[in-house]
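In the two complexes that follow, chain A is the common piece, with chain B as its partner first and chain C second.
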Partner chain A sequence: MNKKIISEKKSQGLHDAANAALMLAVFVGIWEVVFMLGIWSKISLPSPAMVAESFYKITLNLSLPESVGITLGRLVAAFLISISFGTLIGLAMIRFKGFGKTLNSFSAGLLSFPSIAWVPFSILLIGFNEFGIMFVVIMSSIFSVMISTYSSIRNIPSIYMDAARNMGAKGFTLFRYVTLPAATPSLIIGLRQGWSFAWHAIIGAEILMSIVGLGHILSVGRDFLDMSEVIASMITIFTIGLIVDRFLLYKLEDRIRKKWGLDHHR
Partner chain B sequence: MRWNKLVQAKIRTLFNRIIITLLYEFDSLCGHVSEYILSQRLGGSCFQMTKLQAKNIVKHFDHNGNSVLALDGINLDVQEGDFLCIVGPSGCGKSTFLNIVAGLEKPDSGEILLNGKPISTPGPDRTMIFQEGALFPWLKVIDNVEFGLKMAGIPKEERRQISQRYLDMMQLTKFAESYTYQLSTGMKQRVAIARALAMDPEILLMDEPFAALDSQTRDLLLVELQLIWERTKKTIIFVTHNISESVILGNRVVVFKNRPSKIKKEIYIDYRRPRLMEDENLQKYYHQILDELKNEVIAQIKDENQ
Partner chain C sequence: MNPEVKFGIAAVIFAAVITTSFMSVSQTAETVHVTTNSSADVLRIGYSPNINHAQAVIGIGTGDYQKELGGIKVETQTFNAGPATVEALFANRVDVAYVGPNPTINGYIKSNGQDLRVIAGAASGGAVFVVRNDSGINSISDLGGKKFASPQLGNTQDVALRSFLNKNGYKTSDVGGNIQIINAANSDIVTMMLKKDIDGAWVPEPWGTILERNAHGKILVDERDLWAGGKFTTAVIVARTDYLQNHPDIIKKLLEAHVDETLWINNNKDKAITIFDEQLGNLTGKTIPENELTEAFSRLDITYDPIQSSLYKSADAAYGLGFLDDKKPNLDGIFDLSILNQVLDEKNLSAIQQVNISSTG
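Moving on to the complex of A and B:
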């Protein structure tokens, strides 16, 4: 019985992978056809094969792997800072109600604020360096973490808190054993959103401010009229975004949802 | 195949019925025996102690900016080992009163005394069972039952033992390692009862705990709760809007008046246990309470239409 379910799951996974491959093939096919029609010049729109060659080239001379490493390093460092401070401010918003309410009323503006708009500010304040880039990333993701901390704790059904207090939980114990686990599913969603904001921000900031990194390869490609390199970098950015979200954050969220039984309330 | 299943189900229900009947008999027998022994030991005297006292509880609500008087001076004494039911029209403030006893809400004036001492904060000595069970979905069933004990700082080994015992008592042993979403509503409510009992509270507060259950499950739990009460001799305050429930469960039924709430009537029900839904002899109590409540419900509807 169990084996059957597992094998069914496996075949479902295979099926999905086959569909994805098919869609990719169709996309590349259309691209190839458009290329052969010759609407744009080779420089403006290279063929898939040319992009693959460029991809191979920048991988082999290590400029691509190096850029990916640097970008991810910056991103992770900045995002960790974002999480720690965002969570702290979020908790302060819970603790000091007036402050929380006021700050929350600005949340729409803070969340929709375009990350690129931080770049000039960051350049003038900090300069063209690592910290300048990280500043942009932090500012772009910290509000999402902050607001999601605030709202996920505030939206905990009061009955959980009542029940816990009724059983003698208070202070830090109440926070550790009830508030935190009760808020976890929506905290994870906030984390995912913050991550995606950070990812947007770092590429933008690197295009404008950096001398190394994925965004920088894009801007070099533009400067040298190397469309193949631009597209190869874009594909890399797409793939990394997909992998991190699907295979890390989504998996995490899925596991928590399963454990909570959230997928069972249809 | 299908036929077979139907027969099986029939046999199972029949079997359950027989077991329940046997349980009743056994339990009431045990009750009589232990009562007899107790009365012998105590020299035949049966003294009672006031467990909980509510003194002139007043509470206002904020309703669209207007202050509405919800509880208008509730005075209530609950004896040790009493099974008190509070009935009243919905929205009459009976749940608010229970929350005040639990310490989850504060009265505007008046005080609650537990064993003669005033209380103001929530505490594990007054355990509440909520309508929706309020189990924690991130914990396994057994960890849910252990939660209060953990908060009380009881070591892990002992916690496990106690919670295991109460899970056994509620016939949930098999589900100790399940998560709550895997349980039916009735099972969840049994877990909630186990969780409350595990803390060995002075007094058990129940806020319409069976309101969300289907009628078969509720009938079973009504019997189970009586057996538990007889076994543990806990003081229970049970809030409900369901008259039959109050008649089956209560030694004493308190009828709350519509807003502003006051105690309108107290009815003592001295009748053998476990009482069953179908028992004809309970009808007269039922009608007595219904008569009291009817006017209140009519008054409430008038109130709402104004």
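Moving on to the complex of A and C:
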């Protein structure tokens, strides 16, 4: 890319950052004004400063960094299991058409099944522990991966497959060099959706059953009537979700789209 | 608007917010509460469908309270846990509430002693340390390396459990010891006992009875044995301070109803249990077998005495465990038993001496 495009991208980034900064400032400003007007008691709605203080406190005593680490650790482990099994089942759904169609219908119902609704079942089946939490996350995200795998592959234009077979590709070669790459843009979208479900699930599961973690901090904050801590953990949850989605998954999707020439908004 | 200007505006707003934050911190907090929600004709009561809120469950369900309050409309809201109740009190959705001592203490401290007052007691006792029959625990010396549960971090039973363990020389895992404590809802605790995921739990009644009878448990410690005279508060009535100041007459009527209900329950135990179960069914859709309720009630005192010394001791214990911020709790003025004592006097019952200890040594 030549210099002009690079500098255009940079200034676009600057514009975005400026907009974000302004929006954030206005939000915080309105919050402070509402706080000073005293419409809600200090206990129900703390000021931005009080929340900042809470942030400082839980970062300093390491409970926030630890909790973020633990939550993300559980999440990544559970999500990886979701992806592995979800993909395998998705592929099985392609291979065995009847099974695939039936499971696809079932999964549609389970796709948006509220993650918290899995918790009581998980406590009974797995237990009130790490694996119980991971079970909830897996059940909340696996159907997304399954359906996404199934439909991504089914939606590959048949001409790709025909052309490839014509040139002698078959079996694993066909899969590795044609099917998989062709399905990838759509798969990534499914991945983002699955991640979103998994993220919702872990916080909900942690609020209902945990000893440590981000959801736990939120829950404890509430039990001790510490709204500043509640809001601080909400902000942390929001920020992490944003960072992962915007800066990891979105960029990944973007790169793949560009690679495939699907980037129509050039 | 170019980016530099936007950044500039953002910076100015942040600076303004920071400045005003310092200003409001230095002012003493006397926030403006919207009190117009509570009109002079309504009393909004918050409570939980628990046996230590029996007066409310029975009195409200049977209409006794409304009768005593006459022309003042009684509106109620039930909650699953104390913190939520105190939340609602501060958010001006209820005016008085039956609630446990620990959420009360937290609320008092969080509001710098401004926003609530304890105006009466409701229950004493009713908490037990249950262990699994096959947990290998036969006495207090067998607790090492085990896993226990309590309903909520920092709640009354959680504080009791941790204090008990500390007093007997044990340490919990979060400070390098070998005893693990899990916090879970009471129903989940039953599940965990049945699945042998935990070795025991410190729970309020009727869960103690339920664990004993339905989850192969035995009672290791009856918490009453740990307190002077077997009395320690497990439920009180709190009122929002502004409501108490603006409507002492309504509060008086409420306390009359409360005291009457307390006396009635104590004089009609069996009938009270039956009616309580009925009302519980109305509130939650489920009832408890009456023999379990009877056993649960046997470890509980329905009273109007807030047993002040026990509340102060609970606060100290919570503080000692690190649950209450860094400063020693100042509970000066948390109790206001003046109206209760008026009511007791009119009924020829002995008054309850108000005990003001700012923070017990």
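One rule holds for everything that comes next: the second predicted complex is superposed on the first by the 262 of 266 C-alpha atoms of A that agree within 3 Å, B and C clash if a C-alpha of one lies under 4 Å from a C-alpha of the other, contacts with A are read in each partner's own complex, and residues count from 1 in each chain.
Convention: contacts are C-beta pairs under 8 Å (C-beta built on N, C-alpha and C of every residue); 3 or more make two chains touch, one makes a residue touch a chain.
Quick caveat: nothing in here was measured; it's all calculated off a predicted structure.
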Chain A as common anchor, with chain B and chain C clashing or fitting: fit
Which of chain B and chain C A:97 touches, first, second, both or neither: neither
First (chain B), second (chain C), both or neither touched by A:223: second
Vertex chain A; arms to chain B and chain C (CA centroids, nearest 10 degrees): 160
Partner chain in contact with A:246 - chain B first, chain C second, else both or neither: neither
Contacts of A:255 with chain B and chain C, given as first, second, both or neither: neither
Touched partner set for A:176, first chain B, second chain C, both or neither: neither
Partner contacting more residues of chain A (chain B vs chain C): C
First, second, both or neither for A:184, with chain B first and chain C second: first
Partner chain in contact with A:10 - chain B first, chain C second, else both or neither: neither
Which of chain B and chain C A:163 touches, first, second, both or neither: first
Nearest-approach distance, in Å, of chain C Cα atoms to those of chain B in the combined model: 34
Chain B/chain C common contact set on chain A: none
Contacting residues of chain B [partner chain A, same complex]: 102-104, 122-124, 126-128, 130, 132, 134, 136-139, 147-148, 150-152, 179-182, 195, 199
In the complex with chain C, residue positions of chain A that touch it: 11, 14-15, 17-19, 21-22, 24-26, 28-29, 32, 35-44, 47-49, 123-124, 127-129, 209, 211, 220, 222-226
Residues of chain C defined as touching chain A within the complex: 2-4, 6-7, 9-11, 13-14, 16-18, 20-22, 24-25, 29, 31-34, 81, 83, 86-87, 90-92, 103, 106-107, 110-111, 115, 152-155, 182-184, 188, 191-192, 195, 197, 323
Chain A residues touching chain B - in the complex, by the definition given at the top: 159-160, 162-169, 173, 177-178, 181-182, 184, 259-261, 264-265
